[in-house]
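Same chain, two partners: chain A is paired with chain B first, then with chain C.
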Partner chain A sequence: MNLSELLIELLLMPLVAFVIGLGMVLMMRKIAARLGRRIGPPLLQPIYDIIKLYGKRTQISHGLIHEIGIIMAVGGYVAAETLLPVPGMNGLADKGGVITLAYVMMIPSLGMALGVGQCANPNGSIGISRALTAMLAYDIPFILVIFGAAYVYGTTNLADIIAIQQQQGVSGWGLMQMPLLALAGMLALPAVMGKQPFEIYIAPAEIATGPMVEMSGKFMGGLFVMQCFQLYTAGVLYTTLFLGGGAYWITFLPKIYAVVAIPMAAAMLFPRYRTEDVIRLMWKWPVLVGLMGLAVAMK
Partner chain B sequence: MTPLDQLLLLSALTVVVPLFTGNRRITGPLATLLYTGQGLLLLRMAGLGYGSETPVSSAVSLQVLGLELHWRFDALSWFFALITIGAGLLSSWFASGEWAQRYRDSGSSLRLFHAALALNVFTMLVLLASGELLSLFIGWELVSWASFLMMSLGSNTALRYAMRYVTYAFAGAMAVLMGLVLVYTRTGSFEFQAFRDAVPSMDADTVWLLFGLFAAGFGVKMALLPFHLWQAKAYAETPGPGAAFLGAISSRMGLFAMIVVLVQIIGVARLVELPVPFTFLSGRDLLAWVAVFTIIFPTFTALRQHDARRLLAWHGIGQGGYMLLGILIADDLGSAGGLMHVFNHATYQAVLFMSVTAVIHRTGTSDLNKLGGLVARMPLSFLAMLIGIIGLAGLPPMNGFVSKWLVYRALILEGSPLLFLGAVIGTLGTILSVYKLIHNTFLGQLRLEHVDIEEAPSSMLWPMMILSTVVFVTGYFPGLVLDWIASVQAAVGLPVLAHHLGGVHIDKGGLDMIWVVSVLLAGFGVGALVFLSGNRSKRVHQLDNYAGGHFLTADTRYQYSDNFYPGLMHLIGPWYRKSFRWLEGGFVSTVDTVSQLMQGLYRHTHPAFYLLAVVVFALSWVMGGD
Partner chain C sequence: MSKLDNIPVRHQPTEAAGRKRTNPLAHVFDELVKFCQSRSMFMLHYCTGCGAIELPPAMTSRFDMERLGIQPMVTPRQADILLITGYVSIKTLKRIILTYEQMQSPKYVIGICSCTVNGGMYWQSYATAKVLKDYLPVDVYIAGCMPRPEAVISGMRELMSDIKSGRAQNWKRYYENYDHYLGNQQKLFGEDWQTPTDIIAEARHYGLMTDRTLGEHTALLEKHQRPLEALEMRLSAREKQKT
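After this line comes the complex of A and B, so read on.
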């Protein structure tokens, strides 16, 4: 592949991710609404929200780092999307691999943490302390799952992982080859996405105590954009590792939407977990299942 | 006179010069100049770092009791020497300007500080140049005492922990000495080659014994578990630039000696053949697990510190675990990761200590409970710390990521999920801990007494900026360092890593940092464009804050660092049991009891009774003899 094609891919991949991510945000809100017997937002609501947030007249900045933090939060995910192969586009899959992706995915969290830190709001800092603790909680099963997948496929290159699965049809999918690891990944997924019932650090309902407390206008908009990417990344990564990726968009899209929708639909039914309970939960069941999955997979 | 002789001579001169120039202002710049000279002489041997396999020998050799002591530099020595002299140069530069003035005005001796720093560099170079086991041991002892001198310059706490270090170091040195004697009785020589030739014919017990003695002896300097208790406080309390130097390279001398003996001479393959009784583990696995626990425990101890310097010093111990772990994997990727981490760690750890020292210089404290909100006052120091913590946490785009990536990749290839998990837990704990550091120093609430402080002086900023640049550039182009690593691997007898400027190319998933970092920077660019597409924001003053419906005035203090992660500590807090301190305490009391007992027996209690017992014994022996 020549350089110009690659550059076009690198431009397209985050753009596609953003559009799909918007759809995921809409879908989540629809699921939450339907479970609560409401109708939910209209199709273009996520776009309206973003336009509204970016266009607001009152936008309070607490300093340069506050702004850079938001830029890092969005930018980190923009970069992460180029490491995630999708049908027709491999991007930088062979130059980064899944470990690099897992670490690039931590940059947005760090950016958000820095931005909130500059706001000098004690409630914001409490939110960050919770967010980073949650990251410690879910990253341990998440990294176990990544290790297992990389070991079983014998490669960290996500494009190769997809190719290996697709050679053997559905029976070659990670889900069939290592069901326990796939289950552990599915258990950890809602926490990776930072959604119900693990969203105490974002605390959208009681906004005065989360990282969002000082985020107005485009700052909030930046985090909204980040959320689109976050859902997309989690969905695509899981699909890539366990559901055979996608040869065509027509098969790929239902998979990634299902990966986000299924745990969401179940998780929405649970009450919100406290931070220490997130750790307790994440370090118990997904890790246990993951270790068993590893033992089976490496046998 | 070979280039090595010139280097050692200049290094010795650097020790002497401060003794003459004394407390004058010129001492610092002069020492810095001399370190630059050392650096240039080291560059004359740069061939070693780029594949030249003939070591540079010293013309000097000593005959002692029929044994020949000689010194030489190979690629491994050159690589470590590069870091040592670099750290010495920048620490001394950092200590040349306003810092020196303040230090002198506080009644401390600048002469002693610079002499101690130079002595550390000199003794380390002597150790690195050692050509056989005896000169290795002599260098080892010199380094121990030199670093003791440096640590003892600090406060009383530092002195107490430095004394503790000396106790540990002495025990370690005894272990090493026993190892040497054992080797000598088997081979009749102290030469590396003779030792290496003898290893295949040694039985498993002997190799176990040698392995244990050398690993424990050198492990003390590296602060491997359970010998880690001395290091954090001793380093943390050393005068700022000294702490930067010690934190960057000093304890890596243990790693150097371990590489020489365990990897270069005994060989990791031999360690794999040593079974640990009643387990599935081999000797190598045992040490690898020690390395992983050295990553985890000190990192989570760091998480609980509320003094910036102690926090960093504890992380320094933890990061040593990654180096040892990588080297013990002993394939091309893992060992490259471990060796590269030595360089990377030196760069970001020095930057972090310098940045903290700059904050202390301006505010007078490193207590995280008493700082906060300095980012607008000291933006460049903030930048240096930011780059440093990203490196320490091992996130892209800084160099710490590359070395850790190599270690992770090797662990995946090898199929060691639990070691991998341990390494990752350490990284996650580091992220939590370093965020606390930067949050409580530079972000959060600004204290009223810090409203008028200024950026650190340029004599401090220059070394910090240079090091930050190195941290970023070697993350962007890791091939620059991997060139040296490949030479080291060849010299030590490890598989050589095939690499390019951007990283490594492996069929099964490589790494190209040039692309990864470029795309990350481009991502930030896109993020900035998205951000700027919004409506104009209004910047409010740093002290203009509110929470919970109330305006927060600056005299209401709400910045805290104790129990910064209450959710986590709620769960893992009870796991901190100070077991190692308890273990050390138990050991000390045992030794104390035994020595009192012996003292009592010999000197106080019943001399007449013992005399009688001896006489009766002698008589019975004489009479029973026939």
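After this line comes the complex of A and C, so read on.
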């Protein structure tokens, strides 16, 4: 692959991720609305929100770190998108691999912690401490699942993982080969996406949206953009590891949307877990199932 | 009168004074932003009055405000609309003004129920601020005691069409006529009333200073104004007694 092709891919991959992510945000809000027997927002609502937030006249910055924090939050995911292979584009997936991806996926939370710290709002500090604790909770099963998948496939290269699964058809999918690890991944997925019932760190009525409490205008817009990337990354990573990736967009898109929709539809029905309960739950069930899956895989 | 330049026009303060807009697409962007502003309204509801009871049905399955792009937000930083539902006592009015000044422009105020229009059934009360628009610029009033959710949504739609057409510019009035609003606030809260937000500096920043921004009341404010101090950090009341 020559340099110009690579550059075009590096530009296109985050853009594609953003557009698909907008769809996922819309889908998530629609699911929440339908479960409440509402109609839900119109088709372009996520775009309206983002343009409006960037178009605000007042943009209150709390200092340089506040701004850098948001750039880290968005930039971490932009970097993650270039490491995730999608149909027709591999980007840096050959060079990066799943371990780099796991590292890069932590950057946004840390960036947000930096930015929120500068705001000096107590609600924000409480929120971000909860968010980082939740990260500690879901990272254990998350890493277990990634490790197990990499062990079974014998490689950490995501492009190779897709190729291995596609050679053997549906029976070669990670879901068929290691159902326990896939289940553990699915259990941890709502927490990775930071959505119900694991969104105690946002808790609007209690700590006024936690980390976002001082975010306004373009900063909030940046976080909305980050949310699109967050859903996309979780969906694509799971699809790549367990659902055979995708040779064509027409088979790939339904898979990633389903991966986001299934835990979302179930999770919206549950009330929030408290932070300590998130840890207890995450370290018990997904870890237990993941360890069993690992044992089966290693036999 | 043959030349366009000779026709007298009422002077209007330009957008963002001092900065000349050179982008040929600026007008298109403005229209786009205005449209998006009208289709995405985050509302902060200040629900101390009885009108708040009509908001849950407006937001949930029966009337579903989210299909118009209206959703609740919980901090003034993120909100576009300040929704004041019902009577405003003098104590709550202080909080409303603090909240309003922390919101990000462009911002809009909606007064729901008759109490915000003229005091409603509390017009005899000594503790109620009667006319909300004396203290804040109000964009839309939704009268009724209480207005039904249909009325609330129709008021919201009116605000949406105002934003889309660019008529909803009331947030600028607060800066342009700050002396008037501050005067009314001082009448209620006393001469030493001050808020953490520096409205005069903001007016200067937006280029919205007029001859009505400063006046006798802002002079009074400057006389009493104390600089903001960081809150004292301590864990409990007992700790202070020790020191």
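Note that the second predicted complex is superposed on the first by the 294 of 299 C-alpha atoms of A that agree within 3 Å, B and C clash if a C-alpha of one lies under 4 Å from a C-alpha of the other, contacts with A are read in each partner's own complex, and residues count from 1 in each chain.
The rule is simple: a contact is a pair of C-beta atoms (placed from the backbone, for glycine too) under 8 Å apart; a residue touches a chain by one contact, two chains touch by 3 or more.
Fair warning: this is a prediction, and the values are worked out from it, not measured in the lab.
Visitor: State whether A:217 touches chain B only (first), chain C only (second), both chains, or neither.
Guide: both
Visitor: Touch test for A:19: chain B only (first), chain C only (second), both, or neither?
Guide: A:19 sits against neither chain B nor chain C.
Visitor: Name the chain, either chain B or chain C, that contacts more residues of chain A.
Guide: In the superposed model, B touches more residues of chain A.
Visitor: In the overlaid three-chain picture, which partner chain does A:29 touch, first (chain B) or second (chain C), both, or neither?
Guide: In the superposition, A:29 touches chain C alone.
Visitor: Pick one for A:170: touches chain B only (first), chain C only (second), both, or neither.
Guide: Touch partners of A:170: none, neither chain B nor chain C.
Visitor: Identify the partner contact of A:39: answer first if only chain B is touched, second if only chain C is, both if each is, neither if none is.
Guide: second
Visitor: For A:55, using the defined touch cut-off, is the partner it touches chain B, chain C, both, or neither? Pick first, second, both or neither.
Guide: Both partners.
Visitor: Residues of chain A that sit at the chain B interface in one complex and at the chain C interface in the other, please.
Guide: Correct list for chain A: 55-60, 208, 213, 217.
Visitor: Taking the complex as given, what residues does chain A use to touch chain B?
Guide: It is residues 10, 14, 53-65, 67, 70-80, 82-83, 92, 94-100, 103-104, 106-107, 110, 113-114, 117-123, 125, 128-130, 132-133, 135-136, 139-140, 143-144, 147-148, 150-151, 154-157, 160, 208, 213, 217-219, 221-222, 225, 274-276, 278-280, 291, 294, 298 of chain A that touch chain B.
Visitor: Inside the complex, what are the residues of chain B that reach chain A?
Guide: For this pair, the touching residues of chain B are 372-373, 375-376, 379, 382, 386, 390, 393-396, 401, 405, 408-409, 412, 415, 417, 420-421, 424-425, 428-429, 431-432, 435, 438-439, 443-446, 502, 507-512, 515-516, 519-520, 522-528, 530-531, 533-540, 542, 545-549, 552, 558-559, 564-568, 570-571.
Visitor: For the complex, which residues does chain C have touching chain A?
Guide: 32-33, 35-37, 39-40, 60-61, 64, 66-67, 69, 72-75, 77-78, 80, 104-106, 202, 206
Visitor: Which of the residues in chain A end up touching chain C in this complex?
Guide: It comes out as residues 29, 33, 36-42, 44-45, 47-49, 51-52, 55-60, 204-205, 208-209, 212-217, 220.
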